[in-house]
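Next come two complexes, and both contain subunit A; in the first it sits with subunit B, in the second with subunit C.
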Partner chain A sequence: MPQYWRVAGLSYLQYANVCAEYVRRVLKEPERTKALSRAGYSMIKATWKDGKVASRVTLESALLDDPVKSISAAAAASEKNNS
Partner chain B sequence: MQGVRAVGLSSVRRVYAAARAHVQSSTPGGGGGGGGGVGNFLSSSNEKALGGVRFASLKAVRNRMRSIASIGKITKAMKMVAAAKLRGTQARQDLSRPFAASVRQFFDLLPLEKLGSETKAGVAEPKRRLLVVITSDRGLCGSVNTNVCRLARQMLPHGAASPVSDGVETNIMVIGDKGRDALQRTSAAFFTTTFRDVFKAPVSFPQAVIIAEEILAQSPDEVVIFYNRFKSAISQVPTQQPLLGLQLLMDNASVFDGYEFDSDMDSSQVMVDLFEFEVATQLYGALLENATSEQAARMSAMDNASTNAAEMLDKLTLQYNRERQAVITTELVEIVAGASALQK
Partner chain C sequence: MNKWLRPALRTTLRLWRRQWSAEATSGASVSTGASSPSSEEAGRVTLNFFCPHQVIAKNRQVVSVIVPAASGLMGILPNHVPTVAQMRPGVVTIIGDGGAEERYFVSSGFTFVHPDRTDICAVEAVRVSDIDPEEVSKALADCEAKLASSSSSAAAGTAEAQRAAVAQIGVDVYLAMQGVVSGTR
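Let's look at the complex of A and B:
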C-alpha cells in the first residue's frame, strides 16, 4: 500500500516540508517564533526558454501560512511536473 | 585702519592681512589675483578667487582624500558586516553537516565513476545532465563567483550553441545573479531556471527543498552542483559535486542489498524518497558552503580594500601637506619681496 501523501500527489520532499511546518507551528512560544523565523524565505524563480526569460515567479514562505492551500498548491505543482 | 581689522587673527593670518593691505593700497588693480589667492586658501568661500590656478591641484587632492576616506569607511563597515554574517552562516553550516554526511555515506556505496562511463556507451537516448551553479547575488566578494563559473563552463560542450550535443543534453540552473550575468553572455541557450534572492535571508531547508523539487522536476540523469567549498576564512575551493540521477540509482539498487528497509512500503519507493532527500540535503549543504565562502571572501576582499584605502590616504596626506607648505612658502616669499620693494 502506498503512503497516503503519495496518493494525494505529494512528493516526499513536499510532504516533509509540510510536516516540518506543522511541527514548527505547534511548538511552545519562545521556540515557535525562533523556528518560524529560521524557515522564512522569499526568492524569485525565472524560467528560461531559448536563452530568454519566459516567466518569473516569486516563491515565498508566506504560502505556508495556510497549510491546506500549501498542500493543494504542492500537489498541483507536482502534477504539472509529472504531466 | 587696515591693521585694526587684523587684530585678533592668528599671527600667520595677520601677516597675510597686513601684506594684502599693503599690496592693495599700492597697486589697486593689479594685486587682486595674488591677494584673492590668499583669501581662497584661508576661506574657500571667497568666490572671486576661483581663478587661483595655483591651488587647483591642492583642491583636487583634498577632494580625492575625502572620497578615499569615505570609501575606506564603507569597505571597513562591509568587512564588519561580512564578519558578523560569516559567524552566523558558519554556525548554521556546522549544525547541518551531520544530516548531509549520513545520507552521503549511504549513497557513497555507488561506484560513481564506473557508472558514469558505462552509461555513456550504453544508453541511446540523450543523457540529460543538469549543472547547478551556485553563486551570490552581490559582488565585492573577491573571485568566488568567477571561479565557480569558470569551473561550470569547462563542463559545457565545447563551442556548442544548443543544449543537445554528442547525445548529451546539458542544461544549466543558476542560483544567484552573479552567475547568471557571467554565464548569460555565452551560454544563455543552456539555461532552464535561475533563482535570485536565495541568500537574502539565511538559507533554510524549506528553500533548499523548493530548489531540489525544481531539479527533480527536470528529471536529469546526472546533476552536477558547482559551489565554493569553505575550507577556511582565507581559502575557498571551487568544487563540483556530481549526483546520480534516479534512473541510474534504481538500475544499481543491488549495491544496497546489505541494508534492510524497515518500512511497510516496498523498498523501491523508499529509494525514491531517499534519493529526493539526498538531492535536497546535498543542495542545502552546497548552498550553505557557498554562503559561508561568499562572506569569508567578502571579508578578506574588504579587508584588503580598507588597507589599500588607508595606504592611499597616507600618501595623499603627505602630498597634500607638502603642497600646502609649498604654497605658504611661495606666498611668504612674495609678500616679503613685495614689502621690501616698497621700502626702497
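Let's look at the complex of A and C:
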C-alpha cells in the first residue's frame, strides 16, 4: 500500500525534507539556530537564448510555509527542462 | 506425540545445538556464509551513523543498535541478516558497553545492515536531550489544526491534498517525538 504522502503527490525527497524541517524547528537553542541556518537553500534555474535569459525559475526551500508553491515551481522547472 | 517421533526430535535438536556452538566458536557467519571481519566475531556491531552535515559514528564498536524501521522497531546485533530498512521518524538507540545508551531522534532515512557493518543514513539526527518538549506540543497542536482545516476529500495530487499531507507528516513527526520527550521512552 502506498504511503499517504505519495498518494498526495509528494516525492520521497520532499517527504524526507519536510520531516527534517519539522525536526529542526523544535530544537533547543543554540542547536535550533545552527540547524536552521544550514537547512535553507534556493536555486535559480535559467534558460539562455541568444546571449539572454529566456526564462527564469526560482526554487525556494520553503516547503513548510507554502509546500504547494515550491513543489509546483519544481515541477514547472523540470517540465521546461524536458521540453 | 508419537513414541518414535520424540527420540528422533531430540537427536535433531542435539545435532542442531552442536552445529550452533561449532559456528559460534569458529565465528563463521550463519546468515551470509561469508567470513566476517574480526569485529563482528568479537560480538560487536561496527556502526556507521551519518547525516549530510555530520558524522555521528564511524567504525564505532557497539553492543547493539535499535532503529525505528517503517515496519517497527528493529534491533541489530552482530551477524544480523543483511537487510535494507526505511526508517520512520523515531529514536535510534545505540547501546554500548555496560548497557550505556545514546539516543538520537532521526527524521527519516535508511538503515543498511551489511555482513561486516551497519550503516545508518538520516537527513537529520539530533540528540533527544536537544529537543524542546514545549515546542513539540505547540508544533503538534499547530499541525493538527492545519490538518483539521484542510478538507479530507481533496483529490489526490492537488494542492489541497499536498497541504494536508505536509500537515499529516508534521503530526506523525511530533507524535513520535512527544512519546520520546515526555519520558515514556
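Side notes on the structure shown:
Everything that follows uses one rule, which is that the second predicted complex is superposed on the first by the 53 of 83 C-alpha atoms of A that agree within 3 Å, B and C clash if a C-alpha of one lies under 4 Å from a C-alpha of the other, contacts with A are read in each partner's own complex, and residues count from 1 in each chain.
Criterion: contacts are C-beta pairs under 8 Å (C-beta built on N, C-alpha and C of every residue); 3 or more make two chains touch, one makes a residue touch a chain.
Computed from a predicted structure; not experimentally measured.
Contact with subunit B, but none with subunit C, is seen for A:Asp50 once the two complexes are overlaid on the shared chain.
In the superposition on chain A, A:Glu31 makes contact with subunit C only, while subunit B stays out of contact range.
Touch criterion met: A:Leu59 reaches subunit B, while subunit C stays clear of it. By the touch criterion defined above, A:Val7 reaches subunit C but does not reach subunit B. Look at A:Ser42: by the touch rule set out above, it reaches subunit B but stays clear of subunit C.
In the superposition on chain A, A:Ala20 contacts both subunit B and subunit C. With the contact threshold set out at the top, residues 16-17, 20, 38, 64 of subunit A are in contact with subunit B in one structure and with subunit C in the other.
Residue ranges of subunit A in contact with subunit B, taken from their complex: 1-3, 6, 11-14, 16-17, 20-21, 38-48, 50-53, 59, 61, 64, 77-78, 81. Against subunit A, in their complex, subunit C makes its touches with residues 53, 89, 105, 107-109, 123-124, 126, 130-132, 135-136, 139, 143, 156-159, 161-166, 168-170, 173-174, 177. Residues 4-5, 7-10, 15-20, 22-28, 31-32, 35, 38, 63-64, 67-68, 71-72 of subunit A are the ones that touch subunit C when the two sit in their complex. Those residues of subunit B lying in contact with subunit A across their complex are 188-189, 191-198, 200-207, 209-210, 212-214, 216-217, 264-265, 269, 272-273, 276-277, 280.
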